[in-house]
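The chains carry the letters A, B, C and D, assigned in the order they are written, with residues numbered from 1 in each.
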Amino acid sequence: MDFRMGEKSDEFAKEVADFLDEHLTEEVVMEAHETGTVHNWGFYKAMADAGYTRAAWPKEFGGQERDPFEMAALSDQLNLRHAPTDGSSVTLMICSTLRHVGTPEQQADIIPRGLNGEILICLGYSEPDSGSDAAAAATRADRDGDEWVINGQKMFTTLAHEADYVFMLTRTNHDVPKHKGLTMFLVPMDAEGIEIQPVHTMGGERTNITFYNDVKVPDALRVGDVDAGWGVMRVALTFERGGSMMGQSVRLVRLVEEWAKENLAPNGRPWIEDPLVRERLARANMLNNAGALLGLRSADLFNRGELPGVEGSMSKLFSSEKFLAICEDLVDMLGPEGVLQHGEDDAPSAGWVEHAMRHAVVTTIYGGTSEIQRGIIAEHGLGLPRTRKSDRARNS
Amino acid sequence: MDLSLTEDQQTITELFASFFAKECDGEFVREAEPLGHHDELWAKLIEMGMVSMGVPADAGGGGLGLLDLALVAEVYGSSIAPVPFVEAVVAARLLAAVGSSGSELLASVVDGSTATIALRPAVDRSARLVPAAAVADIVIALDGDELVAVSQGASNRPTAVKNLGSGPVANVDLTLSARQVLAVGNEAQQLYATALLEWKALTASALVGLGREALRIGLQYVMERHQFGVPIGSFQSVQHRFADDATALDAAGLLARKAAWSVDEGEPDAVALVSQGFIFASEGAQRTAGDSLHFHGGYGFMLEYDIQLYYRRAKAWSIIWDDPRRELARVADALYGPVGAA
Amino acid sequence: MDFRMGEKSDEFAKEVADFLDEHLTEEVVMEAHETGTVHNWGFYKAMADAGYTRAAWPKEFGGQERDPFEMAALSDQLNLRHAPTDGSSVTLMICSTLRHVGTPEQQADIIPRGLNGEILICLGYSEPDSGSDAAAAATRADRDGDEWVINGQKMFTTLAHEADYVFMLTRTNHDVPKHKGLTMFLVPMDAEGIEIQPVHTMGGERTNITFYNDVKVPDALRVGDVDAGWGVMRVALTFERGGSMMGQSVRLVRLVEEWAKENLAPNGRPWIEDPLVRERLARANMLNNAGALLGLRSADLFNRGELPGVEGSMSKLFSSEKFLAICEDLVDMLGPEGVLQHGEDDAPSAGWVEHAMRHAVVTTIYGGTSEIQRGIIAEHGLGLPRTRKSDRARNS
Amino acid sequence: MDLSLTEDQQTITELFASFFAKECDGEFVREAEPLGHHDELWAKLIEMGMVSMGVPADAGGGGLGLLDLALVAEVYGSSIAPVPFVEAVVAARLLAAVGSSGSELLASVVDGSTATIALRPAVDRSARLVPAAAVADIVIALDGDELVAVSQGASNRPTAVKNLGSGPVANVDLTLSARQVLAVGNEAQQLYATALLEWKALTASALVGLGREALRIGLQYVMERHQFGVPIGSFQSVQHRFADDATALDAAGLLARKAAWSVDEGEPDAVALVSQGFIFASEGAQRTAGDSLHFHGGYGFMLEYDIQLYYRRAKAWSIIWDDPRRELARVADALYGPVGAA
């Protein structure tokens, strides 16, 4: 048992830090913040040029074959610096999925362009009436010779307005239980019949609703077998699960620690000497340490060739819920000054605490709500019987 | 003991409830952002006497007590209307309380001017983060030994800071506008303390109203929203959290009302009760708005849904006063005396 | 709107306080604590002699016709002084139930003896396999001419070892849905075939398991119609609901406030000057005030002739959960000294905090668990749809 | 990084796990109450080397590190065996660390004597609420400037106080028994601080084990117990709370192990990590035991059910050290330096 990240990780972390000093300019960070589009093509390209998009990939893809702890170090550095990676991380997740379930042609066409930072892929799972219950997707794909015709609507297609493809869950069979009639496609965003409607969020992010009217997609862009989309989506999920928010929380707590050391309370002493500030930061630090270890446990499993399932759910659940709790508590701690937003000169920690709180809530929703994660932990981790009404829905 | 409303109380709360129901929905609130103020709506409310009703009868007002105003504040909080009701009515009552030195300003308030009050003593002649200051004609502040009012014309009102609750919060430089001393020394301190006590009592009730509406919005959503073939409101995890929230809000409502009543009645524990009501209402409103937003799933974050308006204000209305744990320390001061006083 | 308890209540509170000064001796309190039998015949009799057992009863029963706020004052005083009233309160609850659903003979026989402090009645609802799901009771009563023969087992028959009767839920019909085949009896504890097995609890209370083997009960002791027991039990519940724990919590917080004022911390100053002590007591005080108001709301409804339903559930839920939270927090606050039990000379607040914590947990269980209360609030208060699997069980 | 156990670690934890599984169930623990000590079981464990294994090899022990001992402490905590493992092993290591002045006492410990350590400096020559003091042969305490050991024969051992966790906790009058100085001044302080750090690290791991077993007991119960025609473990309110508990305990387990490892490795953040591990494990164990007990319904309170044994110890093992919020203040001291030091 060894808790050191290891020399390789430490060196890589330094290398990435140097890279970020050069390429992650204040402008890049602020553009993402101000537009709510958490993606930057230039930065993505720089990441690709440095090989970081393919850091974990095998040599045959030009990859660096970095181990899960080096990848954790990469992720830490990106989080600490608030790098806009929403677009690249989804794209790379889909590339990984294609590597496992894509056709040779898809692999040859899509993966290199993803790893080179040339294309962006967004997700098309959620619909107005299916969120947690993704298998209820109603967007339909109907075969028409060598093509498919897609009709429907997707919610929260974040970055659709920048993306080249949407990785889309569609219904291709209406006569079988809902999980068994789904098929996945890579739909080109420049296809005819796609409409993008921007959606702005409380956290300042921009996402979209996308509409699909008789959108024609060649069968060559079908991912996986017909009616086997649920399985394909589950493969994609294994690359998403365990997405920990603790990195964002570590960044935030460091910012507040700096603020508390550098700013004076009304009594003329630094805030860091105030008991209520100390207790809160000590607690936040504790939660961050605990949550980070849950994330590293997943890396450790990966490193031994195992797939974190329940462990990933625990990491996602804990890190998002604690991130939110820490944000809400730190805003309280700042009192009236806590209302000030980024852009106000005298906002503590440049207003990032206020911003983080508005953002943190959504982390308990996307990538599987806390309720979904608790259900997975209870069922698959603790062996408790299914409770969800989906039992009946699924069997009906 | 009698926890029912008097007929007058019912009449007045229903009056404002039906007004807000007609004039101010989520869309309306959203359109008034980011400033968080709507002049026309506010003018109508002033016309209805929303401010003057809280001024003592002998000063030309409606003479309502703090409990009556707290009941109106609940209704106001439910609507999250973009108007500075709490600040304006507290400031008006303060102007009435200072007597002759405030009579001219009071007259202008009864005439339709808007006053507000700084929640913290000024430092270096500047009052920080004053609610409603960006839209007020008169700002009252404790400036050293003096309780002062500055009259800011439309041209020299400070710009609102960008803030969580989208309220017209601003920093006020007390040297920029005509400055008038309302009271000095001990009298100034006491008047100011009373005004803050009233501000907390009414904001507590507003937070109770806010929380109740956040709950109502959430309940409506979880009944409409189906997943896995059933309304998500049939899931036990949803039901139990909302049951806890509803319970906490009912308790907070009773506590906030009792606190306001205790100020009216001059009860000895009024100061502790007002602080407790404020803290407990803040917690209830924040938790309820948070749960309601969470159960909206991704929709909760869309600016076009109303629940985010409530979530942000639940926190902002609370902390614009202070860190709740610092307020808890003041509860202890009220209950056990300040440290070292014995 | 008026939050004053009122002159009548205040005067009555004083009268009760004087009564308790005289009759609630240290011995009475300590005997209940040491034996875990929270009942004292002498004290019960004194309560009856003072008319307090019939305080809320009409004149025709020799009652004092006190209003709900006077009754709240009585309850406050008893709680503040830690009076052992578990036995009397259940007995009086059953007397109230009989007044509504008993036969004239039962009313004439039982009620006066209850009000006079001469008999004790305990509850026989729970069974090994039916707790929250009380309607699943399996103890059977079979008719045999003018008698019934009872066979089965009851759990948590607290005070059975002192009681004259057990108010018992039995199954009399096995061919109908479970709620429709139940009948209530007043079973004399001296009947042949009853066995009492003591059960000792973590909170130091004694309760019992009771066994019934061919126990013969005359039909005259049936309460309500045959197969109408569920309805009778619901009547009894209306006299129980809204049982608030806030009074116990108020007592505890006062004890700790006294301790904090009278004892010195290591720094030589009274504990009440310690910020962590102050914050906790301020918070506990706040929760007590809030919870007390939920209880008084029920009194206010009673006073206007309404029955608190959801309001009673809210009061029970809030007061028990907060009582437990306060206890656990105050034990933490005491640190190592918090482990000391009553009887250790130097235990803070005479060890009552430690004791209260062990006791408080059960308050979230008996009289309807917190989960049951939340379900009632959600369904009947908030209008949410039934979620319990009982739907299916009930309809099957 | 490697979170898996070494073969040696697996062997030793399995050894004790199977021993406890065979020798010590809930009934056994219950029968050893209220003293909370079982001489025979303890003798067997001493025989197995449970204490000496933690003593450095050059002092005649097994030379295990703190992380190895923490893994054993998890197993011990799961069993809540009525033996003073944590105190004895920490005291033995302390005796080894003081060098020659402790060598005779250390020899007696390796021979089977039981030592313990006072968790707070003595006041007026009296050490308060010392765990295991009622059954120990040797009590080590910081007495003013001196680190001392008193050797108490079976006849002059103090009586245990009645306590929440049913442990052999007692107050020790340092003047009653033969007293020996182990170290003085700065050295005494440092040795004592290290011993307390080790005590906290091992108790944290014991609490993790305790919490895990409380969870296991609870899971078993909710699968067996049926209400409304279904196992109560199928209710979402039960599932979600246990899911949160399991998650917190996993996190606590990792944190406690990392903390022990960081002491072995002399990591600069070891002091903060040990405190954090202790607080977080305490919270996890208490919450889990509380939930498990709650879901037992009325049965949870029956002395004959095991879960109450866990519930009481979860709190008692935590607070016998201190109020967790005071410990959080020490975390801040470790992270940010003590107040006024800058």
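As a convention for this text, a residue touches a chain if its C-beta (ideal position, glycine included) is under 8 Å from a C-beta of that chain, and two chains touch if they have at least 3 such contacts.
This is a predicted model, so every value here is computed, not measured.
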Practice task
Name, by label, each chain that touches both members of the pair chain A and chain D.
Solution key: B
Practice task
If we define chain centres by averaging CA atoms, which chain lands farthest from chain A? Would you check?
Solution key: C
Completion exercise
chain A and chain C have mean C-alpha positions lying a whole-number Å distance apart equal to 51
Problem - For chain B paired with chain C, centre-to-centre distance based on mean C-alpha positions, whole Å - result: 40
Problem - Chain centre separation (chain A, chain B; CA means) in Å - result: 38
Practice task
Let me have the rounded angstrom distance from the C-alpha centre of chain B over to the C-alpha centre of chain D, please.
Solution key: 50
Handout entry: Sites on chain B at which at least two other chains make contact
Key = 230, 234-237, 240, 325
Problem - Residue numbers of chain C (touch at least two other chains) - result: 275, 371, 374, 387-388
Problem - Graph class of chain-chain contacts, one of line, ring, star, complete, other - result: other
Practice task
Over in the complex, which chain C residues touch chain D? Could you list them?
Solution key: 126, 129-133, 136, 155-156, 199-203, 276, 328, 331-344, 354, 357-358, 361-362, 364-366, 369-371, 374, 387-390, 392-393, 396
Practice task
Can you check the complex and tell me which residues of chain D touch chain A?
Solution key: 1-6, 9, 67, 215, 219, 222-223, 230-231, 233-236, 238-240, 242-244, 246-248, 250-252, 254-255, 257-258, 261-262, 272-273, 276, 279-280, 325, 328-329, 331-332, 335-336, 339-340, 342
Exercise for the section: Provide the residue numbers of chain B that touch chain D in the complex, in ascending order. Expected result: 235-237, 240
Problem - Sites on chain D touched by chain C in the complex - result: 119-120, 128-129, 161-165, 169, 226-230, 234-237, 286, 290, 293-294, 297-298, 300-304, 308, 311-312, 315-316, 318-326
Fill in the blank from the handout: Given the complex, residues on chain A that touch chain D span 1-6, 9, 69, 257, 261, 270, 272-273, 275, 278-279, 281-283, 285-286, 289-291, 293-294, 296-297, 299-300, 303-304, 311, 314, 317-318, 371, 373-375, 377-379, 381-387
